[in-house]
Amino acid sequence: MKLDVIRIAQAIFTVKDLAASKEFYVDLLGMNVLHEQGDALYLRGVEDREWTLKLEQCKGSEEARVRHLGYRVRDEQTLDALVNLAETQGLPHRWEEELDRPRMLRLQDPFGIPVAFYHDVKTYPWLLQEYHQHRGPGLQRVDHCNVRVPDVKATMDWYMDELGFRLSEYTVDEQDQWWAAWIQRRGGVHDFALTNGAGPCLHHWAYWMPDALSIIKTCDILAGARQPERIERGPGRHGVSNAFFLYIRDPDGHRIELYTSDYITVDPDFVPIKWLRDDPRRQTLWGAKTPRSWFEEASPMEAFEGGVQQPKEGKLTGIPAHVI
Amino acid sequence: MKLDVIRIAQAIFTVKDLAASKEFYVDLLGMNVLHEQGDALYLRGVEDREWTLKLEQCKGSEEARVRHLGYRVRDEQTLDALVNLAETQGLPHRWEEELDRPRMLRLQDPFGIPVAFYHDVKTYPWLLQEYHQHRGPGLQRVDHCNVRVPDVKATMDWYMDELGFRLSEYTVDEQDQWWAAWIQRRGGVHDFALTNGAGPCLHHWAYWMPDALSIIKTCDILAGARQPERIERGPGRHGVSNAFFLYIRDPDGHRIELYTSDYITVDPDFVPIKWLRDDPRRQTLWGAKTPRSWFEEASPMEAFEGGVQQPKEGKLTGIPAHVI
Amino acid sequence: MKLDVIRIAQAIFTVKDLAASKEFYVDLLGMNVLHEQGDALYLRGVEDREWTLKLEQCKGSEEARVRHLGYRVRDEQTLDALVNLAETQGLPHRWEEELDRPRMLRLQDPFGIPVAFYHDVKTYPWLLQEYHQHRGPGLQRVDHCNVRVPDVKATMDWYMDELGFRLSEYTVDEQDQWWAAWIQRRGGVHDFALTNGAGPCLHHWAYWMPDALSIIKTCDILAGARQPERIERGPGRHGVSNAFFLYIRDPDGHRIELYTSDYITVDPDFVPIKWLRDDPRRQTLWGAKTPRSWFEEASPMEAFEGGVQQPKEGKLTGIPAHVI
Amino acid sequence: MKLDVIRIAQAIFTVKDLAASKEFYVDLLGMNVLHEQGDALYLRGVEDREWTLKLEQCKGSEEARVRHLGYRVRDEQTLDALVNLAETQGLPHRWEEELDRPRMLRLQDPFGIPVAFYHDVKTYPWLLQEYHQHRGPGLQRVDHCNVRVPDVKATMDWYMDELGFRLSEYTVDEQDQWWAAWIQRRGGVHDFALTNGAGPCLHHWAYWMPDALSIIKTCDILAGARQPERIERGPGRHGVSNAFFLYIRDPDGHRIELYTSDYITVDPDFVPIKWLRDDPRRQTLWGAKTPRSWFEEASPMEAFEGGVQQPKEGKLTGIPAHVI
């Protein structure tokens, strides 16, 4: 049974105050509201033909979390193959139905990450060329997710061996142990990145931007709104991926990356790029140090049976040297 | 009596359909509405601390026109000196009161151009750093005006001799006759440009833009709104001024230039730059040809006693060679 | 036998004056010289790990031409499958050896286009992050080619049916006949585009650029070098592909497109976008008209047995309405 | 006697290793070498018509320093007026001759800053439109200088009262004492800025850039050259001035600012903008903290009789809160 994952495609976050989140994502970042229903908001970028980020009001006093990360797959057979995989490996799984996604398989991977897969989806006309309707910096399309996990190598191996992901870049520490990995299905640098640390926790969720100036504009907009504290890191250029980037935090602390201008990885003999953890050019090509919060804070993930996954400590200790 | 003109500062256009103009200037170009009163709209860019463009509903079946071009002056003494000049030279003139400008001198220059001068003005907090309130491409501040006149040299001489303008660039034809001139008070390339042709007519009114990408975004927005026909010329880089530019036409045909990135002219020994009219790099450094409408169409100007100035033919005939 | 074409990867142009071509591609466009041997120059963009454009001095008084367009394939089995295809369909083919490509299959497709395929290639460290070595506008990587052919639909069908290309956008005339098609293997908008007209002739060869400003910089550089006539069309934004673009002509008239910022097409239910030939927003979203030369001029292609392919007339007559 | 200072115009730095400085300023930053004579290099930006930065090899084991900051003045009468001022106030002064500047008045202001003034200068054709000759990020023109002084208010008052500078922005501490001031002659935000601290020492010397992307490119180039440590602060947007900026350090630690996109200050009723020292948006509008070195390190200045000025402690103690 052939299993063909197309790309990272959606995430669901819970938030403590949906109105505050709406102000952040819609009024400031300019994301498009595809649906607004009861206590949920379905958002997308201007190139997205479907919703790619759903925000749900937290129930009661629950802490904000990530309900799942979702991948689009090529066909229904892939879903069947995934069920088979889940059964074989004893992974918790169930069918769920979501708005615009009539048949979605949710499973918990062997590392505790809640993952959803779907093929069938209701699409909508994109807004890419409806430039008069763009607002704010113009987030374009979902690009990738990054998860903090206790064992980067084991997690990466599973995604590569079972789901066919390919490695584009990776980071090792001084003992040549895997600190981080960037893996992809779509021919870009990554759909999914893994970083060593307590987890599983979502490190960040990323949107592709039209250009570096739209990222700079995001900073200006947040500063104009007197919310400069939402800017956590950047703008800058990554050593890994070569992308121009910015990390911002939403009102619940969920971390969003705005990202543009990496490279393609379609060649069959593409050689993954190796970085040393403490190379000053790795995190930011310009040598800029990373704030400690970037390593220490991440969003909890929902456990399969409800509640939040209790993070396990990272296999490697310490954080990179270029930190402030 | 010392006469000190600071800079070009405002224009008043009449328009046939104020709602259509509002859609163009506010909804698409993102200009800020400082006042909206009865049948007039007072607009500004994000750096402007006062209104810089007033749009008035045309009365009855009047054709759309330019009521005046206005300059800010250093002090009330300059206004007195201008009255003196008008009396000495027999120029029609009168005091007018405008919203936020309690004392404005309007006169008609010797070439029939309606010009206003004011010192006292009510200012408002700018929006420059209120980035979350910027809309569309973000027009920044009034930059210059360009008037088509029958006799470029005579008009230029009067502004330089009487009002202290300085020459930055000029164009001559093959017989070394003056075809166009760019003159300034503010230390940039121009507050006022003069081009040979039937006039006086307003050729265009220009706003400074934050960068070239904001100009490109203007094209995208007009295209998104299914109004690509409002884009008349550009984007491109001028040979004259070296600015990156775009010319668009409002619903009444008034021509707006979006302009950025010229140079400074403050040095006392600055040598004006001379261009030949048919140098392919003059109009657009990249050699792009100019649409014929750009030479043939311009906005009528209001006569001192009401009605519209009847344009006189340009002293020089023909138009530049690089036309489509 | 599975046949897996990865992406468009190389072209070979012959040129009348290699020194003049070097000035254009290297001194002005800033392409990197990977090899220079006798009468040939092997060029690449900063992301390319192999040469992607080879320029050969024309022999004697031969006219400049395109020797072939080359695709990278996944494996040697694909080459075998292609030989099989060529034998089955009676397509002229032979093995050739090129610098860095020890085993390259050259064939002539059923429409007379000279196409090469290779898997094995010697690669070199890229220059993507060697920013201090970038020159000029910084061409990044080969993006696509565009060929003018007499029968767009038949040509497209062959590439889709036999080589597995997928359709992303297409243009029809008023009778719903195919005027142009954009087809891809790599998950972007196109590796290969087809336009109706006398052919087969190479319409253009395109490089991906880091951003719109690097394209604008190309115009400035050509203007600075007093070669504005090398700029044929743009800069602008395409309706088709949504890319920001510029077309320039090299000293032999070979047309190069600089291209950035399109979208991804990886979804299995991606619906190809249909355009009407005379939609003013199709060619340039901003409605800009296209110079006639863009439709009428293209590079001859080499015949399999040497000499130049005699172009056949396009199936459809006329050219789009938005022409100057 | 009227005294008319036009603008900040030149600086002379001494450097320990002229070859290393040349690599930094010419090979990486792309500055144009107007003259190279013996142990000195005369540099300019692409809009500069004269040299604006001279680098001199340090004599023997001297530490690197700033020999003077130089202003262009309107006329020789201004120089005479300055001599008169120097005599009246007992300021050390002498006539010097520099390459391309036949008559230059050097004086030491009451605060120990070495300042030069000249009117007559030999100019050269600019390179603004010679885009094919631009290299690297394309520094455009000298913009301003910033000096760390013990008494900001007293120093500012002297420049405003005696030399006619005007205030555009200023910073006070919690006791409303002057921490920093930005003063100008040219109609922009500043020719000269003053910051509280041990001095007089040059804090930085700044060039205007064509746009934000050219500043980002500077970071990429320094990173490409494996010199990310030359990037000290930014890129970012200043709260003060609203400019997009970057601070880099040359091989001797002289600090260069690359700066673009501020605003104009020509209006007679321009109200200086007041900032609180610890407002997080003051230094960088986005709230980014400033590295401690930015407050603690600065270039020594040459004393009138030779040697280096011994800095006096700043009147106010402490540094702003937003520091890392």
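Going by the order they are written in, the chains are A, B, C and D; count residues from 1 in each one.
Simple rule for what comes next: contacts are C-beta pairs under 8 Å (C-beta built on N, C-alpha and C of every residue); 3 or more make two chains touch, one makes a residue touch a chain.
Since we're looking at a predicted model, the values are computed, not measured.
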Query raised in the report: For chain D, which other chain has the most distant CA centre?
Result: C
Report task. Look at the interfaces B-D and C-D and say which one is made up of more C-beta pairs in contact. Result -> B-D
Query raised in the report: Which integer distance in Å separates the CA centroid of chain B from that of chain D?
Result: 34
Requested in this report: Would you kindly tell me how far, in whole Å, the mean C-alpha position of chain C lies from that of chain B?
Outcome: 44
Query raised in the report: From the C-alpha centre of chain C to that of chain D, how far is it in Å?
Result: 49
Query raised in the report: In chain A, what residues contact two or more other chains?
Result: 129, 211-213, 220, 222-223, 285
Query raised in the report: Linking chains that touch, what shape results: line, ring, star, complete or other?
Result: complete
Requested in this report: Please give the residue numbers of chain C that touch chain D in the complex, ascending.
Outcome: 27-28, 129-134, 211, 213, 217, 220-225
Report task. Spell out the residues on chain D that touch chain A in their complex, using ranges where they run on. Result -> 212-213, 216, 219-220, 222-223, 226, 228-229, 231, 235-237, 244, 280-281, 285-289, 324
Query raised in the report: In their complex, what parts of chain B are in touch with chain D?
Result: 6-7, 47, 49, 72, 74-75, 119, 121, 123, 128-129, 141, 186-187, 210-212, 239, 242, 261, 263-264, 266-269, 285
